[in-house]
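Taking it in order: structure first as structure tokens, then the write-up.
A, B, C, D and E label the chains in the order they appear, each numbered from 1.
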């Protein structure tokens, strides 16, 4: 049986994914994507995939978000959709 | 309700991975803004990683690191290792690779979108297409 | 177009869900993937075959070390690709469309700079720990490398890219990145020169003062170091290029 | 060192790239020699491997030296290379084509990407390493990693081109990522049901556990097919290809057009033959009232016709060639799915031929554009007189594309059409012939333009893009450009004359397989 | 039948191909260049002649160049009666044509003569390749080679007209060969399981039913569109934009005869006359050929351009040959084989004359030819002989072949088609004889009046006189040809 903590995390994941794609401010979207990465990292730790969680924390929530923000700064912040 | 109990609850992970993947894939295809497409791409790739990690989960199993003291030469050297007690490590290995690949792809795609912005002054697909229409085409 | 996209997505989703019903139960110990010979072999024999307690590390850097080598190459590719695309070699005097970065303050904030300067050494030491302790705990080349790279990114964030570039110049980035892969593939090549197949570490016992099994363990550390060096250099390079539109000046 | 040759095929370009990183960035003049050296070593290793295969049949190379577990065939716990006659042939094509294009690139890279030379060559070498690695590996996941290497390098190699190239590179990234992710997912679906990653092991488990009816395996099959189809630009998943190939730098187009789609077709055949098994591939129904073989052959007929028709209306040379490639992809996919040995032989043989045909044409077009500065077909006005030697090579390539003897294009059509007749897939036969005729129209129209000189009413269009470096118009064709062109043109005739030998090699790999003609 | 293995047929084929090298190398020195062509032609003819006695003894000469070009099918030459007949016609007329083109090309001061001679030599190589091909694939290879090699010849003038003529030429020839012959050939290949050797009984015999047989037969007959069979004939009049030597040799002899030769091979070597008899489908081909004979003759009546008129005449005459073979009788085959030679000699004379007239006077149209016979008596005399030969009147060689065709039709009891043959001969008279009458008996218009004789260059006149005399000689001494034709008939039909 899947632990209830997992289920909550999974639901949150979907919500953050949708938010990241709905927000028109791309800087905010990048930030929400960071949160998304962090949540998924938690999920993996919960699923006993510690190495994956570690990597995701460093790469997904860390570097990915930073380079996304960097790109937003170098391009446009507003999106039409 | 029975359907939910039988097919959704026991495989909730798989359902969510499909949902996330479809969210990401839809964004990749249908979003107008290139940056949004890339966020979709990242979500799409993490969804697949979620799928793989879900494969490897064993109920009641521990993280795939043997106790330091069980190493040869130590006290419990000859205790057999029981596979069921540890999570399947193989999907984790694969997904480490996949994560690295996804960040590499993301970085490259961001660089390309910066170059597009340099050329066209926008990241909106429709604006760029209307600019191209004005240029001499093949 | 939008309708078509939705259709394609829903169709794919339906296809994937169709197969979900066929999957073994979540968390099952006896599913083919979990109870199969392959996975069990790794778990049960890793300590006799490699002496590395962290099974993930052992599989990553020994059983499937060839994968991992190319994974490092993927990072390397991303690094050089981004340089090839974005790097402004000084002759790009063309106008650049306005961007958010143009409105940033010139001087870095004092509090941020000082905090970062405090954090960075700790971060770097921790990164080395993660790398070296990858045999026994979660971590290893990638994680350590990313953290090491992140420390330089942090310098760049706090003080500007130029300051970070003083410690890690562009030339050095390329040299380090290539060195990392060379450490990895060179290890494999030495195995090859010693008469065994590529990346067959046990033969290293002939030149390392250990037995063949410990040679595997040591070699894993060596190649993980290579991974870390490449990843650290490239992560910083990616950031530096993306944050400065390839000029390597100014930045966020 | 003979038994280590397979690994050298992939390692040589990798070490070449590293060497460029060490010395090439400072001494730009060394980049090309290093590239050529690495590719020569790779070619030599390929030839050595090929000879081993011919004398000893298919063999396995264990990376990391992990022996297989268990009795019988057992399962693989490490990563293996597996070389048979078909993969050796494809490797040979990769090595030869990449070396020729590297020679060709001498003046082009300097002219088109002057400040990025070392990076360009590093990406070039790594693309070759990725393609060769994909061809030779026997591990389903390892294939994904190498696929990503070749994808990332090709995105970059395209995006260093002009203004439009960047945009097409982005589309390629999106499509390519979907493709690669589908592949990864497909492997996951296989893994969840079989628990192994080695291609032959997957097949063994599918057979042993009788998983043919399992929905997961079927979905995995669909996903992997979709993935390779996206990557090979199989109509209607082709949208990324034409712009990517036509706006990218000359060398990129000349390297990618012959290799990338062809290697993906090889991967598709590999998946059909090694992972799923031919009986599965041709018989799987996915619970639908149709037969896979018939469906895919119909799709390829559509692809052939659509590609040809789209090529007909192009005025840009490279774009026209790109659409022809889309039609050619249809040839090979259709041939592989005809469910008989002749069709499969034709498909594999056409991989080799098509690689050299596209190479020849792209190289020739590169010379034309370098000389005239005009990418349009109309720009070829009077070229037979101006550069007869290059035009002669182009003519050979074009005749091969049309499928006229004694060029190799005729013989691949021979096998493909023969396979179509044998399978009774008349629409496929019709589509092949239609495409030959369309190619004839296209190329003879070009010949007319080049043969009957006339005053050009409109001059070459002004280059609107300052970054698409106004390509230096060469006064003479340097030897570095004409030599590869001529080698490829001669290869076309050689491949045609020795087609029987080549198909025998292919047959030695296919001979043990059982083909299942579609029921009814 | 006894088979002799010898590379002579291959050398005969190669002789003209190798000549390309000196032709291109000596492109700047026209005399040396043309000498090379002559030498190649002589060598070729000598090689072909050397094979004649052997073949007449009923032996076959075989040479395998590539053991298996595709599985089970070698690249192989085999010389039999039909092949040697055709090879002899083509190679002997090549020498005359070379002489003629020397005069013509220099007289007309044409450009790119080196290219012209080079591709001419390649075409001849392909023609002999077709003649000596031992199997369908070899035949097809050389057939396609001929299509391509003649394209630069047809479009020699490189102007707008040449461009559209060349376009029609290739469209018809390539689309039919790729669209029809290739699938039909592959169908045969898959039916026979890999063998495509022409054999007396036909290698397809007994392997197909009437319906498939008819489809394949028609695919072949229409696919070898060089035979000018309707409705795939219109490339031929359009190809007349080529310089006259090209029209003469290629479009009266080499190219078009390759078309009919291939059709004969299909009927005799692929299906076999016996098998066609049992399938009872050859009549369809007969009727198509009969239709072509009649319609083309009618069209020829309306043409004013001399070369176009001759072209339509050629279309009709070619269909005679197909008609003869499709009767499936011994006499029909004899008639067809002889007509290959007879028509070649006659028609090349007419084309030579047309070219000579153009060189001497610049006239292209029949209506302009009033009184030209007084100015060019030799040419027009030769023209008269050629015309009569085409019509089939004794004492000219065309009479023999028409006689055997007639007999063949009677044997096959195809009386309507025999009627068509006769009507068409009358039509031949109607479109050829008025030219002769105009030339000799009408007064020239004032501005055309020239005192005395003003013939074309000697290099043009000699060949046309030779061929005209050939028409007469072949009537007087048909024995050799007849024995060859009889040999062909005995090996392909059962009495």
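We take it that a residue touches a chain if its C-beta (ideal position, glycine included) is under 8 Å from a C-beta of that chain, and two chains touch if they have at least 3 such contacts.
Worth saying up front: this structure is predicted, and the values here are computed from it rather than measured.
Student: Which chains are in contact with both chain A and chain D?
Tutor: In this structure, the chains that contact chain D and also chain A are B, C.
Student: Indicate the lowest number of steps between chain A and chain E, counting one step per move to a touching chain.
Tutor: Between chain A and chain E, the shortest chain-hopping route counts 3.
Student: Which one chain sits nearest the middle, judging by mean Cα positions?
Tutor: D
Student: Could you compare the number of C-beta pairs in contact for A-B with that for D-E and name the larger?
Tutor: Spelling it out, more C-beta pairs touch across A-B than across the other pair.
Student: Which chain has its C-alpha centre farthest away from the C-alpha centre of chain C?
Tutor: Of all chains, E has its centre farthest from that of chain C.
Student: With chain centres set to the mean of the C-alpha atoms, which chain is at the far end from chain B?
Tutor: For chain B, the chain whose C-alpha mean is farthest off is E.
Student: Which whole number of Å gives the spacing of the CA centres of chain A and chain C?
Tutor: Each chain's C-alpha centroid was found; their separation is 19 Å.
Student: List the centre-to-centre spacing of chain B and chain E in whole Å, with centres computed as mean CA coordinates.
Tutor: That gives a centre separation of 71 Å.
Student: Between chain B and chain D, what is the gap in Å from one C-alpha centre to the other?
Tutor: That gives a centre separation of 28 Å.
Student: Provide the list of chain B residues touching at least two other chains, using ranges where the numbers run on.
Tutor: In chain B, 10, 12-13, 19, 25, 29, 54-57, 59, 61, 63-65, 90-92, 96-97, 100-101, 103-105, 107-108, 110, 112-115, 117, 122 touch at least two other chains.
Student: Among the residues of chain E, pick out those that touch two or more other chains and give their numbers.
Tutor: If we look for residues of chain E contacting two or more partner chains, we find none.
Student: Using the touch rule from the top of the page, what residues of chain A touch 2 or more other chains?
Tutor: 1-2, 50-51, 55, 59, 63, 67, 70-72, 74-76
Student: Kindly provide every pair of chains that touch.
Tutor: A-B, A-C, B-C, B-D, C-D, D-E
Student: What part of chain C is in contact with chain B in the complex they form?
Tutor: Contact set of chain C toward chain B: 1-2, 5-6, 8-10, 12-13, 16-17, 20-21, 23, 25-29, 31, 33-35, 38-40, 42-44, 46-48, 51, 53-56, 59-60, 64, 67-68, 71, 74-75, 77-78, 81-82, 85-86, 96-97, 99, 136-138, 142, 231, 238, 241-242, 245.
Student: Residue numbers of chain B touching chain C in their complex, please.
Tutor: Touch list, chain B to chain C: 7, 10-15, 18-19, 21-22, 25-26, 29-30, 54-61, 63-68, 70-72, 80-84, 86, 88-93, 96-97, 100-101, 103-105, 107-108, 110-112, 114-115, 117-118, 121-122.
Student: For a test of understanding, state which residues of chain B touch chain D in their complex under the given definition.
Tutor: Touching chain D: residues 25, 28-29, 34, 37, 41, 44-45, 48, 51-52, 55, 90-91, 94, 97-98, 101, 104-105, 108-109, 112-113, 115-116, 119-120, 128, 132, 135-136, 138 of chain B.
Student: Spell out the residues on chain D that touch chain B in their complex, using ranges where they run on.
Tutor: The touching residues are 141, 145, 148, 151-152, 155-156, 159, 163-164, 166-167, 169-170, 173-174, 177-178, 181, 184-185, 188, 191-192, 197, 246, 314-316, 319, 376, 461, 464, 467.
Student: Using the touch rule from the top, collect the residues of chain C that touch chain A in their complex.
Tutor: For this pair, the touching residues of chain C are 26-27, 54, 56-57, 99-101, 104, 130, 138-140, 142-143, 146-147, 149-150, 153, 157, 235, 238-239, 242-245, 251-252.
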